[in-house]
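We just call them A, B, C and D in the order they show up, numbering each chain from 1.
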Amino acid sequence: MSHTVGHEPILGKFPGTNWDEKAGALVVPALQAKEIATWLRDNDAFLLDYCSNVTGVDYLECEVKEKVTKEDGTVETVTRTEPSRMDVVYHLYSMQKQTGPLVFKQRTKREQPEVESLTPVWRSCELQEREVFDLFGVNFKGHPDQRRILMWDEFEGHPMRKDYTEPFDYEWEPTPHDEILQKHQRGKVIV
Amino acid sequence: MSSATAIAPNYELIQQDGLETSLLEVSMGPHHPSTHGVFRMDVKLDGETVVDLQPVFGYLHRNHEKLAENMSYLASMPFTDRLDYFNSMTNNWAYALAAEKLVEIEVPERAEYLRVIMAELTRLVNHVSLVGFFINDLGALGTPLLYAFREREKILDLFEQASGARMMCNYFRFGGLRNDVPEGWLDRARDVVDRFPDFLDEYEKLLCENEIILSRTQGVGNLSRELAISAGITGPMLRASGVNYDIRKVDKYSIYDRFLFRVPYSDGNVGDCYDRFMVRMLEMRESIGILKQALGGIGDGPVLGNAPKVFKPKPAEVYGRVEAPKGELGFYLIADGTPKPYRYRVRPPSLINLTVLRDMCLGQKVADAVIILGSIDIVLGEVDR
Amino acid sequence: MSLDLIRDILIATVPLLVIFPTLFAFTTWLERKALARIQNRVGPNKVGVPLTRYGGRFSLFGLGQPLADGIKMLFKENIVPRDADRLFHLLAPILALIPAMLVLCFLPLEFPWTESLLPVQAFLLDGAVIFFFAITGLNTLAIFMAGWASRNKYSLLGGMRAIAQMISYEIPLVLSAVVVVMMVGSLNAAEIANAQADWNWFVFTPWGLAAFVIFFIASLAEINRSPFDLPEAESEIIAGYFTEYSGFKFALFFLGEYIAMFAISGLAVTLFLGGGAGPGVAALPWLSTVWFIAKIFALIAVMIWLRGTLPRLRVDQLMGFAWKFLLPLSILNIIVAGFAWHAQQQASGILKAIIWVACLLILYATAKGLDQLNRPNVRPREYKYAE
Amino acid sequence: MSLLGGGIFKGMAVTLRNFVGSYFYKDRLTTNDYSWRPSDKLPQRAGEYPKEEGEQLRDTTTVTNYSRNFPMLLHDGSEPMDTIRCVACQICERECPPQCIYIEKSTEKKENAGGKPQFFPATFDIDVSVCMSCQICVEVCPFDAIVMNSQFELSTPDRFGGLLLRRDDLLKSNGYYHKIHPEEATARDKRIAEEKAAKEAKKKAAAEAAKKMAEEKAKAEAEANEGTPDMEENTE
């Protein structure tokens, strides 16, 4: 498997970052992202010159049950509320050193999310950040050409968000078990 | 509308002697004969020269990721076939690889061998038909394409005998393969693999020295090494730009470290359509080498490990990637402890390789735009998902 | 107009109007069949004579296919784009067909029945070769008319390409014919053909060979055949100038294209391949027509073969090939032919052979040099391997 | 110095060889010629393939022993509904990726092939215009009731009704399954037999154990009633 990238030096250099152990990812404040990304790309210890994958993850507000071991050794289940958030995840590799991946996350709020575009650092983000903008509604500051990519321009909403509900879809594919079929039989839908 | 990162030549409306002219705007696609599906290029032409080009896609978008997030892990396996419908086997593999990382299932050895065999056969299918399509874009009357399809047919027959379907194989399962190959399949596969080099010789004789192909492809669609790395280009296209990077070598996933094979790459001086075409031609020979070793080394045994039928991984995040014929195909899965993935993301090589389409096409002729697109090797099922 | 004149005209023209469209139907079948076999397919094999559905033993290798195609074309809807120029959209296919049919008259074809009936051979024109080139030039106009009237950007691009290509390639075409005209000293097609009796075909002389090769390549471009089919390049501009044509108008274009193919092949046969000369002609004069058509089909077979093998050139390479390769070569060929012909008049057998070999060498070396000059860096490359 | 136009001549040699070769070598010609088949034997409607037992359409490569198209329901005997294997558990309906299966469970139970009263599907529809032949339903079925058919001539002028396969269209005998997928069917039957045998052995063992336990209990009770002190020796 791949040779992993040590993340400790980054945490030392940039105090704002922290390491999400469960996800194995470097979480970066949105404002610092470009600076850190440039440093990661150019620093000789990392040389992460290849950004493979860019995507968004939408987290709704949810209740998490956690088992907490107390001081006296008893285990107790604690319910706490995880706030909603939006992650933009980058998978970074180094082609020169053949190492990777380093998972790099920009975390932002869920409502009107805005992060720093890393397209100036890695060109490969260009279309993928457009896709994240299109499907998640994340605004990328500094993206050269931010517009919808997969959905049509007049489309409303961002379909990959967890709370997205589809409108009545006029392009519904009629199947014999749908109300559409009944309508069709009554002659109301022309297919 | 234009991307600021691309270097656009400063064309203006030409106004000479009071004569007003303007650029010719042509919308190539989505039903153009050679856009390989429902892809559109909004091209601005000055005579025959491409002045501006905007790729437009999404006509085949079906929100594959959202679909997969609403169904069980196993149920999205057949949908991965439909991503890059030329190479369903490698799509299956990438997804299985990611999911196996998630729950840490061991894959039996025979299954690993069969996976390698299937993936390399897929690579042959893809490259051979890509070269055919590419020459078709150059204007040959389908002759190389039909030769390619002749050989592809033999491999698709093998797929059908093993999996029941020719293209939508749906053959891989978490922890192995759906079923063992039937009796005599390996011998038939050996027969096909043994005869494939003869075909490649014929193909090379037909194409590789043809003066028209040489002059049409050399110096067209140049892609520098630096831009290729930065733009995340992967697969044969990256190696044609002179970067030695093959995930089979870097990650050594599955049992690729057991086989001796070489990775062809260019010296990186130009990285034009000819390089991309030739790298694929050479890669096929290496695939045949891997296939011969794998078909020789395969042993008996089960093909499906003890994977649970109800798939309920612990919360985790994984990214699994394979060297698909078109480039790095990755699956990013986030599990949250339910039978459905919380986040399911496909990293499509075709889409990301399109990032540099505009940069490569500017200043070329309109006929070149077509072959540059052909040499990128896209499948719209994967671009639009 | 006397009755005799009308009779003569009919006798002279009707065979052309019957034979060549029939040959056209046959050629479409031949082309489809040959291309299919080149591509390892079967080709049309179902439609029999008379139009049987499943063929079976009456399918006759699918020879009924052109007939079925023709009927289909006739009954297809005639679609004209809304904003198209309807008049010119209609005129273009007709105009494309007329010059192609017209030039057939100048071919030195001798039909056995005309000889006994006609007092004079109607089409023995003294300036036949000149006329031929003049009239084929009209084809360009028709194609551009089609491209312009369709009001489609692809059609327009196709039309523009056609103009550039046809005008450029007419020059090497004519210049290569000049060699033959120089040798014979006449522009009369029949005289040129007669000058090549007894196997003195011009293609067997070095300058004749070079001129024939240039003529053949240029004629491919002139009739838009692969690898010079840019005006109708399917993979780039859909179908070029006839993107917006359907039904019978399309069929007319198709017919015009194939008739032009016969005409230009016929001229090539006249100029370089001895016209109707061949074994047995002396005994049976009508055999010359058979030979003539057989030679035309030999050339067409090569065209089909090329079409099955080669991809297409790019537009700038196409123009470069005409102006930077064929044109200098054909001019050099004229010079070489002039000198060598005079030199060999007085020469003995061995000296003549030496002169011919020298001519061949000069022409080949020039061609090679021009090729190197035009594309200095184009060659197969070496690739590295990483273990 | 290579020959001028040498590459083109090489290519032309290749195409010429293919042109000639296509007349002599069968494996060069991949297209299948159906014309040998008389017109009355051409497929006329759905379900015409394979026509006879063992016929696997040697002239096409598209139907092999392993090819799959749309699912079918299996039954074991001559009367389909008496021996239907499906018990309308609806697992396949839930797992079907494109959601093309529609099942309604029967209200009363009925004896099926196993001899036990079971539910059966009152409605079992597969919309083959949606089905993508992925075989997931076959894999998740715990009763081996649904397998893949290889019939592919399904074209119909009726977009809705014609492409909706009802339960009775889907019911096929196990014998038919053996005919179209011999190897797979044999393996499946073997596995079912093994599982059945194992189940029966287990049942038998359980019965025996129960019997033994009952005996021992009876014995113990008897012994307890008798109140003999030898009990410990017995158990040893």
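Keep in mind that, in the parts below, a contact is a pair of C-beta atoms (placed from the backbone, for glycine too) under 8 Å apart; a residue touches a chain by one contact, two chains touch by 3 or more.
Note that the coordinates shown come from a computational prediction; the quantities given were computed from them, not determined experimentally.
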Between B-D and B-C, the pair with more C-beta contacts: B-C
Nearest-to-centre chain - CA centroid comparison: B
Per Cα centroids, the chain farthest from subunit B: C
Whole-Å separation of chain centres (CA-atom averages), subunit A against subunit D: 41
Inter-centroid spacing, subunit D versus subunit B (mean Cα positions, whole Å): 33
Cα-centroid distance, subunit A relative to subunit C, in whole angstrom: 62
Residue list for subunit B, restricted to those that touch at least two other chains: 143, 147, 150, 206, 208-214
Overlap residues in subunit C, where contacts from two or more other chains coincide: 38-41, 308-310
Residues of subunit A whose C-beta touches two or more other chains: none
Touching residues on subunit D, where the partner in the complex is subunit B: 2, 5-8, 10-11, 13-15, 17-18, 28, 30, 61-62, 64-68, 95-97, 132-136, 139-140, 148, 183-184
Sites on subunit C touched by subunit D in the complex: 34, 37-42, 45-46, 53-56, 59, 305-306, 308-310, 364, 367-368, 371
Touch list for subunit A against partner subunit B, complex: 1-2, 22-25, 49-53, 55, 57, 89, 91, 95, 98, 101, 103, 119-120, 122-128, 131, 135, 144-145, 148-152, 159-160
Subunit B - residues contacting subunit A, complex: 1-5, 57-58, 61, 63, 65-66, 227, 229-234, 243, 245, 250-253, 315-317, 319, 321, 328, 330, 332, 334, 342-343, 345, 347, 351-352, 354-356, 384-385
Residues of subunit D defined as touching subunit C within the complex: 1, 4, 8, 11-12, 14-16, 18-19, 21-23, 28-31, 33, 35, 38-39
